[in-house]
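What follows is a set of notes on a single structure, which appears directly below.
Chain naming follows the written order as A, B and C, and within any one chain the residues start at number 1.
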Amino acid sequence: MTDTAVLEVRDVHVTVNGVRALGGVTFDVPEGSLFGLIGPNGAGKTTIMNVISAVITPQRGSVRFRGEDLTGAGTVARVRAGILRSFQQVRLLEDLTVLDNLLLGRERFRTVGLLRQICGSRTGRRQARRDLAMAREVAAVLGLSDVLGRDVRDLPFGVRRLVDVGRAFVAEPDLLLLDEPAAGLDVTSRRLLLDAIKQAQRTTGATVMLVEHDVDLVRRACGDAVVLSNGEVLARGAPAEVLADPAVLRAYFGHNDA
Amino acid sequence: MSELSLLIGGAATGGVYALLLAGILLIYQVSKAVNFGHGQFGMIAAFFSWYLYQQLGLHPVIAILLAVLTAVVVAILFDAFVLQRTSDRQVGSDLVATLGLLLLATAVAENVLGGRTQSYLTLGSRTVLDLGGLALNLSDLITILIALASVLVLSMVRRRTRVGAMLTAVAENRNVAESLGIPSARVRVATWALAAILASVAGVLVASRTSVDAYYMTPFAMKAFIAGILGGLNRFGLPLAFAFGLGVYESFVVYLLGAQAVTPAVFTLIIVVLAFAPRSYLSEGQEARA
Amino acid sequence: MPERRSLAHRLRPVLPLALLVVLPLLLDSFSLYQATMILIYVTAIIGLDIVFGRAGVLSVAQAVFIGIGAYAAAWMSRTTAVSIGVELVVAAAIAGVAAIVVGLPALRVSGLRLAILTFAFVELFQWVLTTFASVTGGTQGLRVNPGGFGAITTADPMVGYWLAAAIAVLATWLVIRLRRNPIGRAMAAVKSSNLLAESVGVSTVRTKLTAFMLSGMLGGLAGVVLAHVAGSVTPAGFTVFSSLDLLVALILGGTGRVHGAWLGAAYVVLVPEVFARLGIPNAYPVVSGAVLMLLLVALPGGIASVLDRVRDRFRPRGGHTLTPATERSSS
C-alpha cells in the first residue's frame, strides 16, 4: 500500500475530570492498513478513538484526515466524511430487525429529505435499493443472511456483535475504528469477524483501526500497530517488533502475552 | 411596599418551592425518576388533614400528623409497586408513571372534594407582626424558617453524615453501593418518605394561605421543577438556591410589572439560562462513551 | 430489485377505508359525534406518537399544538372568509413552527428537562390565552363559525366527520410512510441512544426537531377539526391534563404502532361515556390514572402489543420490520 497517511494524530492531550487520559499522542495511520491499537487497560485506547470520532474534544492537538484538519467537525460530519466506528458496548435498535439495524448504517449517504422520503422519490428508491444490496452483501460475509428478518432483541450476544460491526461496514467507511470488536465472542465468531474485516478491507481499500486486547489477533492480522500506555505512545511499528520491545513488555507486566 | 417585605414575601414562596424541590431532588437522584406527581403528596396531606379535623373533628395537630403519614405511605407504595416495576423498555416510562400518579391523586381528590375549594387552618397566615415598623406576615416567617432549616439540615446530613454518604453512594451507583453493603432498598424507601414529608409540609403551609382544591399545588410544583431545571437535577445546593431566588424574583416582578407578568417573566428566565449557560453546566448524566 | 407488493397487501387498506366512509350513514347523531371525536383524537395521538413513541422525546405540550390549531381556526372562521382548506394549512404551519420552538431546547437540554420544559410551555400557552383576551376571548373562549368549501360546511355533522376522517387517514398514511423510510430508523436511533445516532451519521437535533414539527402539524390539523366540530374553543380544553389524556391514550393503545393510536383514541372517547352511562362519570379520571400505572407495570406495549402477540401466533415468522414484505419472506 502507499505511504500516505489517511489519519494523522498530532500531539493530542485529553484531560477528563482532572485526570490526564492522553498526553501528547502522535502517530500516523497508513492508508489501507489494518492498524492495531494496543496497550494495557486504561492506556487511553478508547479515549483516542473518542477523539478521532469527535465524541470528546481534546484540550490540545489535532487530528487530520486525508490532510484535512478535523478540529471543529462533529461526529456526524466525520461520519459523513467516512470515519465510522463501533463501540465496546453493543448498541443496536432493539425493536427492529437485523436488516433494519444494518440499513441504519447507510444513513451517512442519505441525501433525500423528509418530504421526498414521505412522498416517495426516484432517488429515494434508488438509494433504498443500493442500501439493501450493500446490507445483504455485508450480511452474507458475516454469516447473518439467515437472521436478517429476526428481531435483534432475541439474538445471542455473538450475533448481536456481528450486527453491530456489520452496521459499520455497511456504511462503506474510508476509516473504520473498531473498539474491541471481538470482546465476548467465541473462537469461531472471532475468526469469522477477523476474516470479514480483512476481506472488507481488501475489497474496499478501507483503513481499519483495531483496538484489541487479544495480542495474538493483532500479531496475526495487523500490518502496523501503535502501543499506548498511560496516555502516551510507547512504540510504533510492525506488531512483531513492537511486541518484542522491552518497554512494551514492561508496560504489559503481569499479562502473559507477548 | 419596601424591598425587605417584598424579599420576605418572595422568600416565603421560594421556601415552598425549595421544600418541594428538595424532595424532587432526593427522589430523582436516588430513584432516577422525575416525580411529576410530587405536588400531590402535599395536596394529599393538606386535604386529608382537612378532612380529619373538619369532618371528623380530630385535633388539628393529630390530623396533620396522620395526614403526613398517609402521604408518606402513598409515596412509598407508589415507588415500590409502580415505579420500580415499570419496565425500562419504553423510554420515559418512569415519567409517565409519575404522571399517572398525578392524574390519579388529582382525580381522587376531585371526586371527594367535589371541585369546591375549601379553606384550611390559618396557621398564622392571618397574623401580622410588627417588627420595627415593618409589617410581616407570621406565616411567611414560619415558612422561611422551616424551609431554610430543612434545606440546611438536609445539606448537612447529605454532606457530613454517614446517612448522607449512603444516599450519595446509592445515587451515584446503586450496584456498587449495594456491593459495599449499603441497603439501597431501604435508602430508597427513606428518600421517598422524606420527600413526602417535605412535600406535606409545603402542602400544609400553602393550604394555610390559600384555599384547597385538587389542583392547588400544581403551580408550586411547576415552579419547583423550573428551579430544578435551572439549577440542575443532579445538584443540591444550587437548585435549592434557585428555588428561593425564583420566589423572590416573582415577588419583584409582581410588584414592578403586575401579576400578569409573572408567567412570561419566569419563562424568559428559563430561556435566558438555557440559552446562555455553558454546555457543561447543562449536561447531566452523560451516557457512557464506551 | 423492484418492490413486489402482492395484490392482497395492496388491498388491505381498502376495507377499513370503505368502512370509514360508510359508517356515518349508519350512526345516530350522538354516535356520529363520538366517532368524529375519535378520529380527531387519532390525529392528535399519532402526532404524539411521532415525537414520543418513535423519537423518544416525552412532550406534554401536544395540547398546545392542538390549541393553536383550534384557536387559529376559530379566529380565521370569525374574521376571514377563507375555506377550511386554508385554515388547515395555516393552522398546521403555525403549529409546526410552534412545535419547533418548543423543541429547540432539545439542542441543549436532555430529555428529562425537556419534558419539564414542555410542561412549562403548556402553562405559557394558558397564560397567553387568558391574557390576550381581546383576541382569544379569554377564559370564555370563542365561538367558531362553520368552515368549509363553499356550500359544504361543518354546520353539517357529516361534513365534520368526513373531514376528521380524511385528516386521520392522512395522519395514518404519514406515520406508516415514516416507518417505511430511513427517517423512521433515524428516529429509532435517536430514541435509543444519542451516541448511536451520531455514530451512524444521524443528526439528533434535526431528527428531534423534525419529529416535533410533524407532531405539531398533526396537532394543529386535529385542532382545526376539533374547533369546528365542537363549535367553540376555550382554554380549559388545552391544559396539561389534556396532554396527559393523550399520553394515556397513546400508552394504552401502544406506542410505535399505528393501530395503537386508533385503539387509544377509541378508549379515550368511549370509556368516559361508559362511565357516564353507569352514573359514575367522575370515576373515569381516577381509573385513567390507575390504568396508566397498571399498564406501565404489566403491559408496557399497550393493547397493540397484545394484538401483535395474538397475530404472531398465527404468523410465526413475525417480528415487525421496516422493510418491504419481500425482504421479510426471503430471510
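As a convention for this text, a residue touches a chain if its C-beta (ideal position, glycine included) is under 8 Å from a C-beta of that chain, and two chains touch if they have at least 3 such contacts.
Predicted, not measured: the structure shown is a model, and the values here were computed from it.
Asks: Let me check something: if the centre of a chain is the mean of its CA atoms, which chain is farthest from chain A?
Replies: Greatest centre separation from chain A goes to chain B.
Asks: Taking the mean of all protein CA atoms as the centre, name the chain whose own CA mean is closest to it.
Replies: C
Asks: Taking the mean of the C-alpha atoms as each chain's centre, how many Å separate chain A from chain B?
Replies: Centre-to-centre distance between chain A and chain B: 47 Å.
Asks: In whole angstrom, how far does the Cα centroid of chain B sit from the Cα centroid of chain C?
Replies: 32
Asks: Hey, how far is the Cα centre of chain A from the one of chain C, in Å?
Replies: 40
Asks: At least two other chains touched by the same residue of chain A: list those residues.
Replies: 55, 87
Asks: Send over the residues of chain B in touch with two or more other chains.
Replies: Residues 289.
Asks: Do you know which chain C residues sit against two or more other chains?
Replies: Within chain C, the residues that touch at least two other chains are 193, 195.
Asks: Over in the complex, which chain C residues touch chain B? Could you list them?
Replies: For this pair, the touching residues of chain C are 52, 56, 58, 60, 105, 108-113, 115-117, 119-120, 123-124, 127, 131, 191, 193-195, 240-241, 244, 247-248, 251, 255, 282-286, 288-293, 296-297, 300-301.
Asks: For chain C, which residues are in contact with chain A within the complex?
Replies: Against chain A, the touching part of chain C is residues 1, 174, 177-178, 181-183, 185-186, 188-189, 192-193, 195-196, 198-203, 210, 256, 317, 319-323, 327-328, 330-331.
Asks: Which residues of chain A touch chain C in their complex?
Replies: Result: residues 53, 55, 74-76, 79-80, 84-85, 87, 91-97, 99-100, 103-108, 110, 112, 114, 117-120, 124, 129, 131-132, 145-151, 167, 171 of chain A touch chain C.
Asks: Can you list the chain B residues touching chain C in their complex?
Replies: Those residues of chain B that touch chain C are 34, 36, 81-82, 85-87, 89-93, 95-97, 99-108, 110-111, 218-219, 222, 225-226, 228-229, 233, 260, 263-264, 266-267, 270, 274-275, 279, 282-285, 287, 289.
Asks: Give every residue of chain A touching chain B within the complex, in rising order.
Replies: Touch residues, chain A against chain B: 46, 50, 55-56, 87-89, 179.
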